[in-house]
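We just call them A, B, C and D in the order they show up, numbering each chain from 1.
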Amino acid sequence: MQLSREDLLLAYRRMRRIRDFEDRVHVEFATGELPGFVHLYAGEEASAVGVCMNLTDEDMIASTHRGHGHCLAKDTDATGMMLELYGRKDGICGGKGGSMHIADLSKGMMGANGIVGGGPPLICGAALTAKTLGTGNVAVAFTGDGGSNQGTTFEALNFAAVLKLPAIFVFENNGYAETTASQWSVACKDIVNRAAAFGMPGVSVDGTDFFAVWSAAREAVERARGGGGPTLMEVKVPRFYGHFEGDAETYRADGEVAALKRDHDCLKIFRGRVTEAGLLSNADLDTVDAEVAAEIEAAVALAKVSPLPGPEDLVTDVYVRY
Amino acid sequence: MPKKTFKQALNEAHFHEMRRDPRVIVMGEDISGGIGASGEMDAWGGSEGVTKGLYPEFGPSRVVDTPLSESAIIGAAVGAATTGLRPVADLMFADFLGVCFDQIFNQAAKFRYMFGGKAVTPVVIRGMIGAGFRTAAQHSQCLYPIFTHIPGLKVVIPSNPYDAKGLLIQAIRDDDPVIFLEHKLLYGVTGEVPDGAYTVPFGEAKVLREGGDVTIVALALMVQVALDAAELLSKRGIEATVIDPRTTSPLDLDTIVESVEETGHLVIVDESSPRCNIATDIAAQVADVAFHALKGPIKMVTPPHTPVPFSPSLEDLYLPSAERVAAAVEASLRTRKGAA
Amino acid sequence: MPKKTFKQALNEAHFHEMRRDPRVIVMGEDISGGIGASGEMDAWGGSEGVTKGLYPEFGPSRVVDTPLSESAIIGAAVGAATTGLRPVADLMFADFLGVCFDQIFNQAAKFRYMFGGKAVTPVVIRGMIGAGFRTAAQHSQCLYPIFTHIPGLKVVIPSNPYDAKGLLIQAIRDDDPVIFLEHKLLYGVTGEVPDGAYTVPFGEAKVLREGGDVTIVALALMVQVALDAAELLSKRGIEATVIDPRTTSPLDLDTIVESVEETGHLVIVDESSPRCNIATDIAAQVADVAFHALKGPIKMVTPPHTPVPFSPSLEDLYLPSAERVAAAVEASLRTRKGAA
Amino acid sequence: MQLSREDLLLAYRRMRRIRDFEDRVHVEFATGELPGFVHLYAGEEASAVGVCMNLTDEDMIASTHRGHGHCLAKDTDATGMMLELYGRKDGICGGKGGSMHIADLSKGMMGANGIVGGGPPLICGAALTAKTLGTGNVAVAFTGDGGSNQGTTFEALNFAAVLKLPAIFVFENNGYAETTASQWSVACKDIVNRAAAFGMPGVSVDGTDFFAVWSAAREAVERARGGGGPTLMEVKVPRFYGHFEGDAETYRADGEVAALKRDHDCLKIFRGRVTEAGLLSNADLDTVDAEVAAEIEAAVALAKVSPLPGPEDLVTDVYVRY
């Protein structure tokens, strides 16, 4: 399989949408208008999109506290998400979830997660459903380098391997868990070195290279769909912002972020690659940029004026029936 | 009606529902037993044999033995539930919640609310509770107050074979996450159990005995203790109503309040540790909504605030006894309102 | 006395005890911050800066940054406590108990009993609690009823800077496992805090206000809500006693009962979920031992039985308000004994 | 360092004591006199003793539900243990703990554990104490093959490696977790294959060979004492009895246990080795056998008549002060 022109445009649009969404949230948060804990995915776009371009709406993903990118890569509505971040009644979760709990089951997005390591066991479940019902679907858990040290994650790896589940464990190593460097906290340095402990194939890719991520994920997805069991993928990505919005980031070296933005921006790299290869033109990409910018602008404008949930919403949605 | 044990009743409930609905699966450590080994499969059928016989009929895709990894087991059950299956996961001893609690209380219990009503998580988590089995502090706890505390969970605690079967079938058909707790000392208890499938609704207490002097509320193993106490009291001229709530979340407070409005006295027998438990929960609710009806103090009969001891001599003292319940009733009746 | 924030008070308590006793260590994720990275160490001093400055003074052997592995962190703290250190482990959000609860409730809490009195486990586990921070369902829970339920644990919940410092020093010097819970919305609150070291004993409630008409009990952030309600009520001619238990295990029931014996009315304000919580715990104990003194129903003011919502508009409704507390007091006073 | 004649006699005595203790408990349980859940260590003696012969009373171990062998290998009093199993007031835990909760901190025995995977995090703590106070002590977690799949265990491995703790993780692979075969449940087949995932040295040894266990443990202990960090040891052992007393063991192949007892009995193998090498005589060993038999006999006799705890004991020992 090759990526068509439409695929490339879609991939770019999704990455661009993530970037713009996050850059804008960064700005809005700084003005104090956005409540809560917000963790931005800027810089890591090629990972989510590279993986999810291989998935259908029936393939499930589980995300993390840094979930906006995974949602958007799975085509969750950006406007609904922005409204959710603003705690609005018409937000994608009715304003009840917020940044860390965005889910869109209709798109195969099982939820961001405020608990690090919460997703991998859940993804075993989605994969078990696929296997039991013979749907041919796959399930993907996104986890960070910090989350790679959480017991629930390790259990899920072994569980998926033993039961030969159609699951893929994508570890986005962005160098940090909050302030803690992954080269310190992951005893084996590279997370991919853990694949053997679970008897599963492992692959490490440069997460600034959309094409590298896409093809590694493609192989893993095909193996999973074909009954070949789970794969561990480590994707090395830069983190452009702080751990959360408001982080002073003094634990990072001076100039570290500037250099990452300059030399390791997956969007710039993508643009360079596709234009040099003559697959897309700069004009094509500029059009996408403009469309996405307008989309995000409109989303924020709507979010700011949209109604808040009211007292009648407080006690609904706890149970299906009680 | 045929007589069956509590364990058989639970076993039948599994068969009915697995035959009825292909989305129902069971999973857990040794849930069939013998996987990967060279002897028999279905060697155990769960640590107490509750799921015995399912494997031969439904095979490995619906009777899923797992590695020893409770977070993965419960998390997978929860994830499978949100994606179309109806898993019944066996936690074995409820005491093991400590290694998988996040998947229960932060994930399963909260999905529906956090996701604005869009998730449905029809998972049943079975666990054994209770003392008396000589299994000491880490295998004898009740822990249902912890589950009951968490919004989003339903908590079911049968006290007899009939209810066990009907409540488990209801739990499997229910669309919310259900914690289903089985007192180990009840597995061998027999009672009349229909052969067919039937449900016992959640949130409906059962009145096991009626008497006008005092209301005794009890769960699981303590129901029998309460009934024994009622017999003792009856000989002393005191007639008790005994109520088994059967589910603590939802809780049928109305039935309890109605009875207290007649009797004016309430005693709650709870095998769980005394602080923030079901006894305090019910007592407090009654002291609010039915305060006007109370003629004496609400008494709670519980174990002491200690871990469960191993030695049989201590464990027998640890558990509430009929004699202690009777004494509590008498104390409440003695200290009538205004008497102090 | 100098004015300090709740956060500064906690920070000082750490300094005092680490200087005083070389066996005291702190540990947790980002407890100093920046380990292995190329920028500053002590970059955060814990996620809220409570342990800031310890690393420069005490270095990596006593200020132990850890991988993201709560079971290992808490288990290591517990194991270190039984072998001679006095660790203060930071769980960050108490909501994370789900991934490490076993080490707290089956290990630390039970060692002494299971081992026949031979183990001493002087560990402090700090965790943030409470809503109002717009952090949604998995980062806003109180959960202290769960810890309080477990025999073997002590549970400390300060409501002001003075108590925070004295209770934390007591917690560190205490020989039993202590769960120390900090309400996030209190970190910035200021109050008078002595510069030196002092302790506030466990199991001694603080009476913050005296009034003869009703007793209001509240913890953590709810203490201020209760005091605000008392002001509202005072304007309406009702005088309230406000009591902060400060520790829920042990609980100073005597002070509460003494007050109820004077006022005849009890209202408990509890930010935790309503079932099996501290409000029910205290209500039930009072409805037993001080029944004779009650002149009206015991009222509990709590959030609804729902997860904590994200949207500020909902979260503000979720939290008990002074107005709701005042209304509960009035309801109890209205429904006097015999009135119904 | 070599094992002296005294060391060899001590090692044999400890292994024999474990075997006799367990064989006797097996018999006593069958008569219905012993309450509770009992998991026997018979067949695995060379593992506990081979490891613990390298330890002092200041070195801590954490054990499992199958803890009698680890206790006895660490020289916990057999009589006190037998009384504990009978729930007696003079049992080593006052009758409050029972088989699954025997501890003897004075001997460096931090406790059996009813929670699989409970011990490894605790051992990180004991190792942290040793490191922080600079005592030179080491700490050892015994875990089974089933427990090797528990999240708490994985976390402890990474934690110990990252903090370079003087810890040793001994995985006793006896082929089963209850009824579940380890070759099925451990996705990488051999637990030793997990060492690399935590950047630590791993070694696999035949647990029926006391000398192999002893020297592998010795190397790990020396490395840990010297500041070289943790080691993962897999010890392959046979399980002579059921998972717990009362287990019908139908999941095992016919003749499996008989063959294990015949060909893989660490006591027989030890006797063969030391007598062939002329290090000890059969008479030496027979003397030990007789002494141990008498000791266990006396312990059981005492346990049966010893007083039970009374009401005054129920509520003590919960807190140091409350």
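Everything that follows uses one rule, which is that contacts are C-beta pairs under 8 Å (C-beta built on N, C-alpha and C of every residue); 3 or more make two chains touch, one makes a residue touch a chain.
Treat the numbers as computed from the prediction; the structure is a model and nothing was measured.
K.L.:
Touching both chain B and chain D: give me those chains, sorted by label.
P.N.:
A, C
K.L.:
Report back the single chain whose CA centre is most distant from the CA centre of chain B.
P.N.:
A
K.L.:
Counting in whole Å, what is the centre-to-centre distance of chain A and chain B, each centre being its mean C-alpha position?
P.N.:
Here the centre of chain B sits 40 Å away from the centre of chain A.
K.L.:
Cα centroid separation between chain A and chain C, in whole Å?
P.N.:
Whole-Å distance between the two chain centres: 35.
K.L.:
Just give me the whole-number Å value for how far the CA centre of chain A lies from that of chain D.
P.N.:
Here the centre of chain D sits 45 Å away from the centre of chain A.
K.L.:
Specify, in ascending order, the residues of chain A that touch 2 or more different other chains.
P.N.:
Within chain A, residues 91, 93, 95-97, 101, 113-115, 149-152, 155, 158-159, 162, 184-186, 318 contact more than one other chain.
K.L.:
Mind pulling the residue numbers of chain B that touch at least two other chains?
P.N.:
Within chain B, residues 67, 69-72, 95-96, 98-99, 102-103, 106, 113-114, 136-138, 151-152, 304-307, 309-310 contact more than one other chain.
K.L.:
Just say which it is for the chain contacts: an open line, a closed ring, a star, complete, or other.
P.N.:
complete
K.L.:
So in the complex, which bits of chain A are touching chain D?
P.N.:
Those in contact with chain D are residues 149-155, 157-159, 161-162, 184-189, 193-194, 196-200.
K.L.:
With touch defined as at the start, can you tell me which chain B residues reach chain C in the complex?
P.N.:
71, 95-99, 101-106, 109-110, 113-114, 136-138, 145-146, 148-152, 248-249, 251, 272-273, 275-281, 283-289, 291-294, 296-300, 304-307, 309-310, 335, 337-340
K.L.:
Which bits of chain A are touching chain C when the two form their complex?
P.N.:
By the definition above, chain A touches chain C via 35-37, 84, 87-89, 91, 93, 95-98, 100-101, 113-117, 146-147, 149-152, 175-186, 248-254, 256, 308-311, 313-315, 318.
K.L.:
Taking the touch rule as given, give the residues of chain B at its contact with chain D in the complex, in rising order.
P.N.:
It is residues 29-30, 33-41, 43-44, 47, 65, 67-72, 95-96, 98-99, 133-139, 304-307, 309-314, 317-318 of chain B that touch chain D.
K.L.:
Which part of chain A faces chain B closely enough to touch in the complex?
P.N.:
The contact residues of chain A facing chain B are 60, 62, 91-97, 101, 103-105, 110-111, 113-115, 118, 120-126, 128-133, 139, 151-152, 155-156, 158-159, 162-163, 316-322.
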